[in-house]
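Two complexes come next, and they have one chain in common, chain A, joined by chain B in the first and chain C in the second.
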Partner chain A sequence: MASASLNLISGATLISQGAEAKVYKARLTSEPSDPAVLLKHRFRKGYRHPTLDGSLTRARVAGEARALLKCLRAGVNVPGLRMVDAVEGVLGIEWIDGQSVRKLLPGGAGEDEDGASEDDPEDADSLNEYDIPVDILMQLIGQEIAKMHLADVIHGDLTTSNMMLRHPSSFKSRHPTLSTELVLIDFGLSFHSSLIEDKAVDLYVLERAFSSTHPDSEPLFASVLTAYEQRMGKDWTAIGRRLDDVRLRGRKRSMVG
Partner chain B sequence: MQSYQLPHFPTHLSCVHTALYTDVSESDLLRKRLITASTAEGSTGERERDAVNFAFIEARLITSVEHLRTAVYQAVLAAAQGGLRTKTVHSEIIWALNPSNNISEAMRRYGVSDTTASLVVVRIGGPELLAEDVERDMDAAIKGIKAPFARLEDLTDWTAVKKYHKLGNEVGIREVKDNPERERAVVDGIVVSSVAMKSVMG
Partner chain C sequence: MPGRVRQIPLKNPDRPYLAIGLEGSANKFGAGVIRHREDGSTVVLSNIRHTYITPPGEGFQPRDTALHHREWALKIINECLVKANVSMHDVDCICFTKGPGMGAPLQSVALVARTLSLLFDKPLIGVNHCVGHIEMGREVTGAQNPVVLYVSGGNTQVIAYSRQCYRIFGETLDIAVGNCLDRFARVIDLSNDPAPGYNIEQEAKKGKRLLTLPYATKGMDVSFSGILTAVEAYTFDKRFRADGQPRNPDDQDIITPADLCFSLQETIYAMLVEITERAMAHIGSKEILIVGGVGCNERLQEMMSIMAKEREGKVFAMDESFCIDNGIMIAQAGLLSFRMGFETPLSKSTTTQR
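Moving on to the complex of A and B:
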């Protein structure tokens, strides 16, 4: 008999697939009132030796789960964990009802990451629906990344696709003027580090993502940085200086000599 | 009593029956009975073990229905994979709730104690186990008043939950300490996630 987690996946709806994992929407119990969960399945890689594959999968599932818990404890808005099956490589995460920031900003809506056009009417949400001005959204992004970096978590893949806004209809906001919340998602490439270099590179990756996805986004990213700077306080000086260095040389440090 | 299914699991683990009891009295006797039943021999022992074949959980340490269901899910998953760290799927639920790996600490904190006043009771079984029979056996084992799970959140001892999960000094908690409603939601979020990832906590 197949394992429980594979049974669960076989009845789930596929949301997207990458090289590393497939993402599904599923229900863990028979109760219709129980909220749906997002399943991230790091499937078996036939090109790796089974023993190595198993231990890599276990380590990565554990790493992603630990990063999420660390963020939750530090007050960073991330989805909560619902189940972990390290043996099968399945992570069950809180389902966030909402939309990725990529699709809500100009330039990000039309096409998917691989350039294919998308005309799913469900994805036609606009920023109006979330009742949030663009500059406030940029502030939220800066603040959330700063909170994460203050906890020494490096995301590793900061893009506007890896940030979501909760849909106001299914989210009970406790904020006086905002009816939504920014959530950072996909901690699959995250790691723990207190190095200025790693934080600066994290920001640089996001800057490049902004400029390649959203046209004329320089002022947008500038307000992300302003909010980040405010939240980081005294730590900003060194990171800001390092970010300038990284911009000149790119993400990778030269290893000459 | 509330029953639900975990349809993806082997049938003998696929049905979950849960109930909440408040105003529980004689919890000291219940605790003694559990200890005696676990070591009693012969057919009397078998009968006694059957009569109290439940997970008895300290309700004041449960923050939400989702918290309970997450612990049940992870315990059943461990049982299905042959990865139980304790003797039964019921004790595994209690183990899953406690943040540390120490089994006797888990039983002391999250199991029934002499001062327990409200209890969550869980029975895992197959479809042949009828809900009426489970409910009858629960009522026979516990002296208390059955309550709807909506009451669970009023019974939670948030100070104890924060202490056991070592949340006192976390940034995420300190930022919201002026807003009790928000603080509870944040604590619940952390606690549910901790239970879900306990198997890979390391």
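Moving on to the complex of A and C:
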């Protein structure tokens, strides 16, 4: 009856429930030395017609796995792929020890949420612990996105919650001065495209995420763009121009009147 | 668990306040009178609406809609005052829709509001249509700090309150969901009475076959124009039977208008529920409020409550008298801002389509 992947999930610990998937921490084998994996289960959505739900889930799991592979080959920092079960909607990826960038930046820790008071010891992580100045962090973000775009992968949901810093205690950096590494996660909405348009929209999504989660973050995003620009080289001119166009779009972004 | 309870800066009124609201941003003209009592409670004294209905296959043009509003405005306002048993002299402020909406209808209603304001020497309050929907929704349902799905003929937005502002988290990139439904109703010649979307909903109940349509969510945004094209294309498919009947007993592989309505509803509502869920996960809220004309759709409400149950959340939805554009919501939002000390001077009483 229950498939192997569902068995795996039944023995795993639920970490969180995102918008479309439940996230678990599990081990693929019973070997205690086996490193943990993160299981992302796109569970059945009761509200969706079963046919529609099935085809969407299959397409999304397969798409996410494909994008991760493409990034890994291109040397973008993303979690490694461990297992794929498109029919059940289960994706297994490398477990990353660390913290999301959102929680490390001012405003992201939960001023907008009700979780501000319940201080998890894990949430108490600060940038000091990662030994990284904010502008270096912004540079890393810009570089990683540029690497991904050079590989023609569009993330589709760039936010500060979808970026993680590896915790220095569990990570051996090859970099002389940095003890951490920025990892892009959650490729659930990603797709393959070489269009300037898609890359510009990707950046615009991040810009909006910055301004909606982190107050007064314009200079932060500006330094992300500068690093992106350097890494993209000659491709930047067209993307930058398109980004200006995209900003003027949106129908009623500012609710005035 | 509801999201963080919003701090309300507004104190209970020292005396009862009365406001009249005029709405006419699309094909409905509405007027309503609302009273805020000293104990903080709110009474709807009257809520009257007249809809401009066009023949099947046609939409409403701005010019004709404005004509309709001009023709009905005074009758409806009178009726609304009589029903509320108040006189124009009693009201504290006159609230009107400033936008967004169709230019011509908005202007004709703003003109009425300005005239009344000068005649009776009452302050004018310009109200944002979307905020009107949200404030009335909060008032009727008691939702504290919900994620708002605002779905109507002209708007499709996921909105939440954050840092003293209603912010748009996701919206349509092209046409509104109601526009998509209305235009498809025209393609298959459904009646515009009482509303094209209502007739699609009834038709969809007879549909069985789920046809493949594009599924276009992009982050928290959605897009409907491609879906409209795709569903229209099915009406040119050789399996399509406009009357819904097989030509002979062997004619089984057919597509009926009901199937198309069913597929269209299933697809676009799944998209709307998905972006709402994304916004909920993003914000960490457990409450959902559905407002706007499409919000009366029972299938959308049903899908939303299944999603809410999966997340241990709660859905707040309303019936058509408050979902569909109405004057009372303008009165409610306007009176709230009036009590906060806001007024729109005559020289600023313009309208905006955006």
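The working rule: the second predicted complex is superposed on the first by the 234 of 257 C-alpha atoms of A that agree within 3 Å, B and C clash if a C-alpha of one lies under 4 Å from a C-alpha of the other, contacts with A are read in each partner's own complex, and residues count from 1 in each chain.
The definition used in the following text is that a residue touches a chain if its C-beta (ideal position, glycine included) is under 8 Å from a C-beta of that chain, and two chains touch if they have at least 3 such contacts.
Source: prediction; values computed, not measured.
Classify the contacts of A:Arg58 with the two partner chains as first (chain B alone), second (chain C alone), both, or neither.
A:Arg58: touches chain B, not chain C.
Could you say whether A:Arg73 touches chain B, chain C, both of them, or neither, answering first, second, both or neither?
The answer is first: A:Arg73 touches chain B but not chain C.
After superposition on the shared chain, which partner residues are touched by A:Ser3: those of chain B (first), chain C (second), both, or neither?
first
Is A:Val84 in contact with chain B, with chain C, with both, or with neither (first, second, both, neither)?
Once the two structures are laid over each other on A, A:Val84 reaches chain B alone.
Name the contact category of A:Gln17: first (chain B only), second (chain C only), both, or neither.
Only chain C; A:Gln17 stays clear of chain B.
Now for A:Ser30: first (chain B), second (chain C), both, or neither, which partner does it touch?
Touch partner of A:Ser30: chain B, not chain C.
Is there a shared patch on chain A that both chain B and chain C touch, and which residues make it up?
In chain A, nothing is touched by chain B and also by chain C.
In the complex of these two chains, what residues of chain C are touching chain A?
Per the stated touch rule, the residues are 1, 3-4, 98-100, 126, 128, 130-131, 155, 157, 162-163, 165-169, 171-173, 210, 212, 215, 218-219, 266-267, 270, 273-274, 277-278, 280-284, 302-304, 306-307, 309-311, 352, 354.
With touch defined as at the start, can you tell me which chain A residues reach chain C in the complex?
17-20, 45-49, 51-52, 55-56, 112-115, 156-157, 159, 161, 189, 201, 205, 212, 215, 249-253, 255-257
If you look only at chain A, which of its residues touch chain B in the complex?
1, 3-5, 7-8, 11, 28-31, 34-35, 58, 61-62, 65-66, 68-69, 72-76, 80-87, 92, 147, 150-151, 174
Note which residues of chain B are touching chain A in the complex, please.
4-10, 16, 66, 69-70, 73-74, 76-77, 80-81, 83, 167, 170-173, 175-176, 179, 181-182, 185-186, 189-190, 192-194, 196-197, 199-202
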